[in-house]
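In the part that follows, the structures are each spelled out as structure tokens.
Okay, so chain A shows up in both of these, paired with chain B first and chain C after.
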Partner chain A sequence: MISRTKAAYAYIVARTKVMKSRLLKGEDFRKLLNMSFDEIVRFLEETEYRKEIDEIGYRYSGPRLLDYALASNLAKTYRKILQVSFGDAKILIREYLKRWDVWNIINIIRGKNAGVQPELMEETIVPAGEFSEEYLKSLMVKEMDEIVKEMEGTPYYEALSKIGSVPMNVVEDEMYKAYYRKIVEMPAREFETKLFVNFIKMEIDIRNIKTILRLKIDGASTEEILERIIPGGYELTEDEARKLAAMSFDEISKSLEGYWFWKEVENVTEELSEIEVNFDKAWISAIARRASNYPLSVLPVLQYMVLKKVEVDNLRILGWGKYYGLPNDEIERQMVII
Partner chain B sequence: MVDALISDEAFIKGCAAVGAGLAVGLAGIGAGAGESGIGAAAVGAIAEDRGFLGLGLLFTVIPETIVIFGLVISFILMFAYG
Partner chain C sequence: MAEVQPTRMELIKLRRRIKMATRGHALLKMKRDGLIMEFRQLLEEAKEVISGMVEKYKKAQQKLTLAIAVDGIVAVKSIALSCCQIQPEFSMKRKNIMGVVVPVIKREPVRKKATERGYGILSTSMRVDEAVEAYEELVDAILEVAEIETTLRKLIEEIERTKRRVNALEYRVIPTMEELAKFIAFKLEEMDRENIIRLKKLKTKKAAT
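And then the complex of A and B:
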């Protein structure tokens, strides 16, 4: 039984390691920075994104083509990982991917609120979670109350039932809280599950500290910050978050010493994009360390999934930045280049 | 009672045969357990990139060397006491 579990992880980890070797490297991004938008698209046609760009190329052009192609490729990659995994690894990966259900439902609701056509909503969805593309498309043509009713029985129903009575950002926060709560409360009997839960808890830490710093810069009150904190962090527990939220920005940056992410983000500045990028880099280095410590676990797979998302986000920033003629150093500052 | 049924020589030969069997059998089980993980990883890598076929096969058969040790031990036992 033990060797069967290990064999399941060995298979999926080896597959994702090969897939990881095909990700764009730091030097590729630096090369892309010196290209025009059309040259970037041509470069991507020689990579993993070729099929998506070819398929959608006749319908879209410009950064919208890139956006749609990147989202499709991301969803395809995630679905493939889920399909080829088995055993405990599959269960954990499925749980991880449910975040895309939250993303998709939020996008559909935002679209509905803004009166956007279903065709436009399709561009933003990443059908990698539990809800299939067809199901999501069927939701797009429904009325808001019908969508909420459809979600009955899911962990997101409670949050969605508040639509109309609270601002939309509160509903979105509640949905993510429901997603994270379900994972954090998972019974971690096996060691692999424990590793997965800790990974998610560390991700919550990163999300929370980014939220605290961002809202501090915006001048939000302690209560406003605490409302947006996701419970269940690894080191940044609710009590710790409460303490940090009550401090000034300078005090917070001094108090962060000792947290697991401290070493990577020693100099926290009040520049929002720098905070985002630095904490993302800290997160990526932490995952890399943990994935190499536990090679036969779900961590190397999750590492690849995070890196793939970072690559897609980088390409999106690059595409839009180049299309609108932003200077190279400004685009580079927004990207997470490892 | 045993003395009456089996001679010392036959008893030693029997034990050597059982030992030889165990040497090959247990080494085989050990190699199989080792190969399960390597084989799974090799198949995973080959599924993504055919270029790993040669290397994957090579790594998969490395635990087989343990079976060779078992086989050598069994030959020694059989030649010495068989």
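And then the complex of A and C:
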């Protein structure tokens, strides 16, 4: 007999599998690379992005139209997954999606600091987390201290209350740390929760190693690097991170051997964005492996969510790159094509 | 010409002035040629520096586009505003090229660590770092171009000024003075001839009486 939890996952996984089949393939991206910006938009109008493009086509044009349409579609997709999920799966997916709350709040604060119009901030928000679109829009017109007050009771309040006393980069990093801390500290009594926490821990590994290499290239000190490390990694624990942070760039790339992400990033270059793309590819391969090992769990759902985000990012890079006439090979190098 | 006293003293003075003007003319011509040579050398250097700046600008634009695509327009805009608070530091010194005072800009490289730039490391991608670095390099290149362009402009002004002086001496001052000297010499000869005739007449009169 199939347990209730397994049945719930079977349903959600089946739904996401259908959604996954609609994702753009590698060959689609290669085809899009040879198209002009207008042709890309026309192509997308024949996909599931049509509704969003049609809805805001009268307000925006150019890459901003694409930006807004992609962000709206991403939020809609994530909300749909949340709608079709239930039980423990819903709780885990909701926790995962809270990263968009951090993203949205950071964007609103940055917008406030930069004095940009709320309309421009609206384009960048992805209301897929706990905070609704209306709530986020209401924050955009508020003063900074009012926004901070609104966040009272959330895990981000501690970080946000430091605005004005510490640099903004510290606040932003603290917010992400708070998000990850909350998940890592989740009591993993059930196997599903354990799978989810491990998934997040692996993501922390990827983010941490990216941070170490990024800051190492930049010439940051060990202490500066450690301040940016998210605690609770899967294999890259705080001690491991400390060891790596103290090494030179070449030593780090040699020391990565043995970590779960090693195979895909064997040849680490000093080109920053290339490192990022390689690690993203490593992350996606790892998720795919784990999702196939646990087909009736939250992992295939998370895999789809990551792939959807990658698709949106690829399309955004493609759109902006084409609009501003970047060479095809440069655009392709920046995209995560599996 | 009429105002000039056709005296021997005046002629000597004038000849001295012509000699000095001719020597000045030769010197100015040498200075002009030297400045032009210096200008040509700098022009080659300027071409390289300017094309380097254009390349850096293109690269920076490219990196910016990618940063906007990955991190969003608001993030990049706010990052740009926080980075703008960093003023490029430089000090000005002077250098003398053949009498032309040109500036020497001592630049402090516009470099900030990623941790000091005002945006979160965890909330941005590496594309932002690349874009910021590309723009920092561009600011350096702009300062370099500013230095070389100011030098070139000052050299052009000096070449123009020297050219005008050379031309004035060659086609106006020296020919006028030579004309004047010729006139005085002619007048003096005339006066000599008059004197000789007067003396001859006096001698004839004296002989008749």
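Everything below uses one rule, namely that the second predicted complex is superposed on the first by the 336 of 338 C-alpha atoms of A that agree within 3 Å, B and C clash if a C-alpha of one lies under 4 Å from a C-alpha of the other, contacts with A are read in each partner's own complex, and residues count from 1 in each chain.
In the analysis below, contacts are C-beta pairs under 8 Å (C-beta built on N, C-alpha and C of every residue); 3 or more make two chains touch, one makes a residue touch a chain.
In this text the structure is predicted, and so the values were computed from the model without any measurement.
Touch criterion met: A:D67 reaches chain C, while chain B stays clear of it. Residue contacts after overlaying the shared chain place A:P167 against chain C, while chain B stays out of touching range.
Within the superposed three-chain model, A:L272 lies in touch with chain C and out of touch with chain B [touch as defined at top]. By the document's definition of touching, of the two partners only chain B reaches A:V84; chain C does not. One of chain B and chain C touches more residues of chain A, and that partner is C.
Once the two complexes are overlaid on the shared chain, A:E224 sits against chain C while remaining clear of chain B.
When both complexes are overlaid on chain A, the residue A:T124 reaches chain C alone and has no touch with chain B.
The residues of chain A shared by its contacts with chain B and with chain C come to none at all. Across the complex, chain B is touched by residues 3-4, 6-8, 10-15, 17-19, 84, 296 of chain A.
For chain B in complex with chain A, the residues that touch the partner chain are 33, 36-45, 47-49, 52. Against chain A, the residues of chain C that register as touching in their complex are 61-62, 65-66, 68-70, 72-75, 77-82, 113-115, 117-123, 125-127, 129-130.
Residues 63-64, 67, 102-103, 106-107, 110-111, 113-116, 120-121, 123-124, 167-173, 175-177, 207, 210-211, 214-215, 218-220, 224, 227-228, 230, 272-273, 275-276, 313, 316-317, 319-321, 324, 326, 330, 334 of chain A are the ones touching chain C in the complex.
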